[in-house]
Amino acid sequence: MNLYEYQGKALFKKYGVPVPQGYVVFKPEEIMDFYGERVIKAQVLTGGRGKSGGVKFASNVEEARKLAKEILSMEIKGHKVHAILVEEKLKIEKEYYLSILIDRSTRKPLIMASPEGGVEIESVPDEKIYKFVVNPEIGVQPFVGRALAKKMGFTGDLAKQFTNILMNLYKLFREYDAELVEINPLVLTEGKEVKTEMYPPMSGMTLSTKAPGKLIAADSKVVIDTDSLYRHKDLEENAEEKTPLELEATKAGYAFVELDGNVGVIANGAGLTMATLDTLLLYGLKPRNFLDLGGTDSVDITKNAFTYVLKANPDAILVNIFGGVTKCDTVAQGIIAAKEAFNINMPIVVRLSGVHEEEGRKMLEENGIHAFADMRHAIEKLKEIMEGSQ
Amino acid sequence: MNLYEYQGKALFKKYGVPVPQGYVVFKPEEIMDFYGERVIKAQVLTGGRGKSGGVKFASNVEEARKLAKEILSMEIKGHKVHAILVEEKLKIEKEYYLSILIDRSTRKPLIMASPEGGVEIESVPDEKIYKFVVNPEIGVQPFVGRALAKKMGFTGDLAKQFTNILMNLYKLFREYDAELVEINPLVLTEGKEVKTEMYPPMSGMTLSTKAPGKLIAADSKVVIDTDSLYRHKDLEENAEEKTPLELEATKAGYAFVELDGNVGVIANGAGLTMATLDTLLLYGLKPRNFLDLGGTDSVDITKNAFTYVLKANPDAILVNIFGGVTKCDTVAQGIIAAKEAFNINMPIVVRLSGVHEEEGRKMLEENGIHAFADMRHAIEKLKEIMEGSQ
Amino acid sequence: MSVIVDENTKIIVQGITGHQGSFHSGEMIKFGAKVVAGVTPGKGGMKVHDVPVYDTVEETLVHEPDATMITVPAPFVKDAAFEAMYNGIRVVYILTEKVPLHDALDIVTYARSHGHVVIGPNGPGITVPGKTKMGIMPNHIFKKGTVAVASRSGTLTYEIVNALTLNGYGQSTVIGLGGDRITGLNFVDILELFEKDEDTEAIVLVGEIGGTAEEEAAEYIKKYVSKPVVAYIAGRSAPPGKRMGHAGAIITRGKGTAESKIKAFNEAGVPVAEFPWEIPQVLKKVYK
Amino acid sequence: MSVIVDENTKIIVQGITGHQGSFHSGEMIKFGAKVVAGVTPGKGGMKVHDVPVYDTVEETLVHEPDATMITVPAPFVKDAAFEAMYNGIRVVYILTEKVPLHDALDIVTYARSHGHVVIGPNGPGITVPGKTKMGIMPNHIFKKGTVAVASRSGTLTYEIVNALTLNGYGQSTVIGLGGDRITGLNFVDILELFEKDEDTEAIVLVGEIGGTAEEEAAEYIKKYVSKPVVAYIAGRSAPPGKRMGHAGAIITRGKGTAESKIKAFNEAGVPVAEFPWEIPQVLKKVYK
């Protein structure tokens, strides 16, 4: 689950990763009066909002509210703007990149850091990205920070700031079951002039030096492992990532993804469902959805699956069940019950293989539903029907 | 460092290990008015206070204050009573034992649990003590609690209570750098009668069942690793464990232990210092103290060591330095400086071996201090002097 | 010789009194597996299919188990896996799906540095036809033979094994690695075992979108695998950024597409079937 | 053949620019040790005794180090040890005293399950006369020979090694295991190595009060050690409950007394010297 920037920054703050001062608003009038300059940032779960006009600067509250109103009515790459983050404007010296993710191939957390921040990390050349594979049995000890800080060009106090940020970010990553935590850009603010009076005192001579700036997370991208949400009650599931229908089906226990074709699909097992969609495409047919029924062979679960497929308004429905230990007569009952209950008139083609498969197919045929023992013939039949109906 | 019962219980509470309701007082008048019964417990860093009259029951505030006054003036096994813990009186069904310590031979945390609590664990037969060696890479997962709960005879809700206590105690043990956390007794309180109205309602018939009691830590013994105290600023060092002189010497950076003989000892290295004390005893001489100078060869460190030895009022002083890389002339300077500064008239015998050893010994002899190249001759000389002076 | 488990492997089932644990223990016993004990806290003393049930893994050690099948709900998997490993059980198969990613990370990290083998999470297990089965694959589709199958999915594996059997290709070992992002074994690990296995003469890999396990397998095959390998990849039609049922089946930031995997296999000389039912024909081209 | 380190062992020193690190690096080099690099964060680019100093252990890997000597202050030891182990350094010697007990626990646990050897914390290191030295033992007391010495203390070890040398007994390996409660190696671990070591013909153990390492050593010697062993135990005069300088030298709840250790050694046929200077005479009775 992707968190909005303001949610990610709230976690950063909780874990001691410095973020700009600011607050989130859902209505323009919630923006409070201020002096100086503020950044008005669209909260959307997509990148590139800056180029789309989702980030603006305001120097008084009226301007800020006006901009917020505009931004709140925007759609950025198809995403409605969810909220506005109002933040102090940082004086930026340089932008860096820092992230931690789970690397599937080493099966370990991977830190990526780059002195080229503020752009998509995919566009940064490999030799400018410093990687560190974390051994989770060791974790991120200070030495990890020192090793990366050196490569990033941080010395002295900045190296310490960087190490602290990295250790805190790793703690967040582990404790909040993150798939990804990303700071892009990690901003180095301009250092302040420090004037030191020179000896002898009162001589009027001062030495002007520059104190180092602060490293601050100017943006946040945090992705939380959905399977862990039961232990993070403080995080609500963000609705925006799924379509309303996907959300509905998922809540009912089906793995469901909307696609843009016209063949409704119900299959069992993620791999087989994907293979079914692939096969449809290779046959020139377009799937309307991915629906994995899972391993259960209850009449109701099968029947209810049709609810979500029907809501997607397909022109035909393909059911592909490789039963294994699933009882096919039960599945057949579920399909027949759905046809009756939802008064389905569009073509349904079923592939049914497993325990009691012949019985199940017989029941289906008796109810006017095409039934086959193998996937190929089922899909060929579907193609024939759909081409015939054109 | 041993914590007082009330300090240990404060940590228990912080980590979700249930403790009786109560509070600590340092003066009798701090005891607040109450109804029912209270336990008045002496806070001392030694066991067996119950038998010594350090634990009493009171049924009103006047009685409680009177008892507290008595207890606060007691000495238990040589320990002055530091404070009073005032607690609710538990209704006890059964007493258990639970502890976690660092087992030196496996180099791992070791959990010990026994259904025979309330007595010293040393007196419980081995077959009644259930042990579990924790792999710190795994920690204490719920399965550890289940395995021990079963052996302890806990089922259902009590097994869950026990598992929670164990997991929380382990967390405390690790996060507070404990050498030992011990709950003895871990008390099971009496369950409450629960009356359930029977069917049909209003028939007046009730079913009486007993709800299980609660597991509560009725005492606490927590020992914190002294070397880790720098990261537990919330814990003050408890003075009582060391004599005032030991405390003074330790603060000055010397490992120092008071003994009951009359030969002051200064040596370098813990092993050599112990061997020096042992040798004195085998020669019929009694050491007054253990003082490990450490590895430094500064004049001041050597000189200052005499401060603490002299405060112990010995009859003679033995210095045993196997220098290795230590410069013996520097050590000799320190000894001579001490003799002058503190105007030492008692006999000083020095063993000095290492870099510039002959020079060092010569300097000592010139200042009227016996000096030898080996330990044996130094101790024999000391014996001769001390026997001659009798 | 077998891969990971064989006819002598003594198996316990953690969560044996649950719906899945109970049913599949029975099927495993029918297949010939030595299921020696079950574990369900609080249910010690019961029997399931004549198999004794205990409260803790420690108590099952009298049966000297080598492997465990974990069927407990996702929030309890980490505890169950560590209970098994703490008690010295070498092979840990996790059937459960939706195991939190960081729990899988902890389990797999510990296992790999302490010599345990983890199968799954979220996979159908391992079957060695004629010898043993640990998991939920349907018994009737198998036939003893020389083709090893490794897959990231469940039902699709059955589909392909069924096609192999119907076309006369028996199997040496069939293993489901699991559909999650972190699994105990990846294709490279299992290829190493298949290459060494005397009973295996040809290999079928059933991959899917997400991650780079197939690309790494292709590299490994080029260098180290002498036996013929064919493959199928599911998810050609999957849109980016959507989790296609399996937690691991997701295209993120342009990585893990079917095209990339098919290309890698082709470059390694591994033919990739277009349809699941084509696997036997494709296999025929490279293996008798 | 040597124990743990030999003349080819490439050593780095973490904390080389400190007082201890700098001085003892020089002494080690004089003894013949191959000190290839030093590490002090922020001091990279310096040289100490002609040895290049780096900011991180990772940067020293160009010198292919096998071992590290850690001399950083106690609060930073855990970080330094994990830095070394993460970077694949096999032998980790920790000179520093007052390392928190749970830090030592973490270091030693990781080391033991990942094939690293930890010497210390809080010990004088290891010396192989004629070959190498890692640690702070004084160079001039050693003589190459056939007697191996393992000890829980520092200065007392020198005292005994000195006595051995003066009496004509040279040493094969001298190791200080460390005075803390948890150390990387206990007597049993080192006895196993000494028994196998071709250069060692007799063994001297220097124990002290606290813990049960000596009792375990006695049991081990009975069963597995064929070479003659003699011992010295410090702390006969120590009162219970007091930490005698070393964190590990403490009698708790009646456990870890000198009597118990002396009794165990005697029962294992290991003569125990009364005085440190007696070791050569006692050795003479059991070894040429």
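We just call them A, B, C and D in the order they show up, numbering each chain from 1.
Convention: contacts are C-beta pairs under 8 Å (C-beta built on N, C-alpha and C of every residue); 3 or more make two chains touch, one makes a residue touch a chain.
All of these numbers come straight from a predicted model, not from anything done at the bench.
If each chain is reduced to the centroid of its CA atoms, subunit A and subunit B end up 53 Å from each other.
Chain centres here are Cα averages; for subunit C and subunit D they lie 47 Å apart.
Once the centre of each chain is set as its mean CA position, subunit B and subunit D turn out to be 28 Å apart. Multi-chain contact residues, meaning those touching two or more other chains, occur in subunit B at positions 135, 137.
Along subunit C, residues 110, 113 each make contact with two or more other chains. Chain-to-chain contact here is organised irregularly, matching neither a line nor a ring nor a star, and falling short of all pairs touching.
All chain pairs in contact, by the document's touch criterion: A-C, A-D, B-C, B-D, C-D. Residue ranges on subunit A touching subunit C, taken from their complex, read 102, 104-105, 107-109, 122, 135-137, 174, 177, 179, 225-228, 230-231, 255, 257, 259, 267-275, 277-282, 287, 290, 292, 295, 322-325, 353-354, 374-376.
Contact residues on subunit C toward subunit D in their complex (touch as defined above): 113-114. Those residues of subunit C whose C-beta lies close enough to touch subunit A in the complex are 23, 27, 74-75, 98-103, 105-106, 108-110, 112-113, 136-138, 141, 151-159, 162, 179, 181-182, 186, 206, 208-213, 216, 232, 234-239, 242-249, 253-254, 258, 274-277.
Contact residues of subunit C toward subunit B in the complex are 41-42, 44, 55-58, 76, 78-80, 82-83, 85-86, 110.
Residue ranges of subunit A in contact with subunit D, taken from their complex: 135, 137-138, 141-143, 146-147, 150, 155-156.
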